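So that you can tell them apart, the chains are marked A, B and C in the order they are listed, and the count of residues begins at 1 in each.
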């Protein structure tokens, strides 16, 4: 799909080339993450694909065609592009921002409007609320979403993303990453993704290309990278606690069937039944759901002692944070550490209860691997 | 801050203030001319002038002559327009400046009719100004720096225009203007509107220009020379009239009032130092039109400083050495 | 609707009406014959007409030339030249308008056209500087994302750079207009006409009413145009 052959980029006035003799192939539908310390040439590499930077030598093929011989404007219209600073146009509404590429392609107006609405919904922004707002009125996370929506609106087969989730807080970042992966599962685009964060690389990438000083050190799947780093540099990049990094690679749903199907209590369940359930469970707590299986709270063993009442709702505490089943085990671990609990509830997109993962479950996964 | 430091600073300030005081006192003392036989006079004369060349030269002549005779002076020459200088004198901020009889008659003393006889005009102005304002007019000069209408010598010769009446006739008969743009008249702001200015002139002579172009007084001569306008107003003694090959149109109906020039001194100053009259009267009598016009030319065209021209002339005439 | 009417019609009309009241009053109540001769309707409207012509012609040229040069200098290839020009412009701005007028008088002579030319040059400066500053202040990331999405340099200029720079460019035009109306008063010294005829005549014959009429109409003209351009700015900038 995307193929870089002996690509070298030397900026005028610089002694050392930014990218040196690079060969890289990204298969259709893959997310290839370029990772490395700053100044390693990863962003330059990405920006040569849509010819923001022209290679000094070498060839770039896109779908078998020599990209360097194509009209750069046409080339870029079919490549989604998200940069770290997002670069939303401050003088345009969200709708106008997202409609940039359709307008450049001169789509009919109704098609553009519909597509903009679809893609805003896809990234989780209600078009009714956000279409006519200006970028300044949005939070950092919302702007990132608009940036992604703008890149995807014309359904380009290829997307280039330069640290697209770089400028938001860790919790929002994890959420955006998960949402993006969910969208990507459906869309199956070919994506070149640049990050300096190895954890993000492991989480997002089908393959990871590690770069240093303009050269490609290793291009492998996340699993291979973790288990057999090519050299000292890669090894130090992925770090010593590689088994914990594996938590990035495994999604909760992959292990949920084995470990997490602890039955919840219903809101009207009697106190005796609840006591029994809690004692049976290894986390000394139980999730409570309503009639629609929607998660409403949790009862810990201590709540039973402190409070009085007849049914579950009398003892129930609120739940601070839950995760969806497409989050990684690492996300689950983060939530546990943050809430100071040994468990986390798993819900689907509609907040319906799917199971519970415990710290013990995570430890077992790490143990098995190493 | 320590007390020692404060004391030091205080002392420095005191020293500075003291030295300024001393310098100030020195400057206030009359700067007696060492070459002069006259004793230093204990009167300080503030000499003012209007802002055009002739006034600047007359101001410098006055300063040099007074200082040569032992007066100390303050140079306030080039202060502003007629009204500004006159009001400064009435307030007592200026002791002496050269005024024109016609200007004083109409502008300062409120006469409606101009007087065209120099002697008569001078006598009226001299009597009234002393009585009403305590201002003494010393002897007046020969030259009459009245308003004048000018044309280029070549144009005037070609069209046979010598007087303002000739001009009026030419315009009324539809003679074509010697420059493109028609019969446009270049004038300064004051003349365009004042009681003895263009509106009354046009009425008396019975003609009107196609357009009036108002501009700074200094540039009407150049505008005429460059052919921007066919006719311009100016002052009769201006050095540029000869230098630019312009010609004064004869005021055959004697419209323009006479503007002979004389030093005007505040009465109390003159009483304190009556020598001022003895110093300036012979100078005024020596100034004729040719002399004045030549000095104006030296400043306007040859780019000498007014003080250089004044000094040169005073020495040549033997007023100073 | 009412608000729009108020902003675009009522306020400007009020300013014009105030000017009209001042003119009608001073023409009909001259303090003496000199004022009466000076303040006639024909003199005032001649001054107004000349002043507006001085302003429109010089501003029109300055806007076209200032924005064009500003855009040219903001192109990446000329960027460093632009920085240099910006400095020269900043220095040029410190030259008093009277000096500019005097300079062009000595080179080009006198009259309306020379005054227009001097005003034109003087008004270019803030417009050029603000256009350059406005365009170059657009964040690189915005330009890059526009480029990356397949917009041509011309489209980026038209759709992104200029609209984002509008507030700054218009601020430059506002500054220029106010400076222009003020400096146009000086045109009278070289025979350029305008309200300066009234003001300087009033000064030379010491008639406060003539000075006041000329100066207040000139000031109201500046206020009116400043207001109108401010409204245009508000309309253009929604974000």
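Everything that follows uses one rule, which is that a residue touches a chain if its C-beta (ideal position, glycine included) is under 8 Å from a C-beta of that chain, and two chains touch if they have at least 3 such contacts.
The structure displayed is predicted, hence computed values, not measured ones.
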| item | value |
| --- | --- |
| Contacts common to subunit B and subunit C (chain labels) | none |
| Label of the chain whose CA centroid is most distant from the centroid of subunit B | A |
| Distance between chain centroids, defined by C-alpha means - subunit B, subunit C (Å) | 38 |
| Whole-Å gap separating subunit A and subunit C, where each centre is the average of the chain's CA atoms | 54 |
| Geometric centre distance via CA averages, subunit B-subunit A, whole Å | 88 |
| Shared-contact residues (touching 2 or more other chains) in subunit C | none |
| Touching residues (chain side subunit C, partner subunit A) in the complex | 139, 141-152, 155, 160, 163-164, 166, 237-239 |
| Touching residues (chain side subunit B, partner subunit C) in the complex | 81, 83, 186, 188-190, 192-195, 199, 213-216, 219, 222-223, 226, 228 |
| Of all residues in subunit C, those that touch subunit B in their complex | 33-34, 37-38, 105, 109-111, 188-191, 193, 197, 200-201, 203-206 |
| In the complex, subunit A residues that touch subunit C | 50, 52, 73-79, 81-92, 100-101, 104, 134-136, 147, 150-151, 160 |
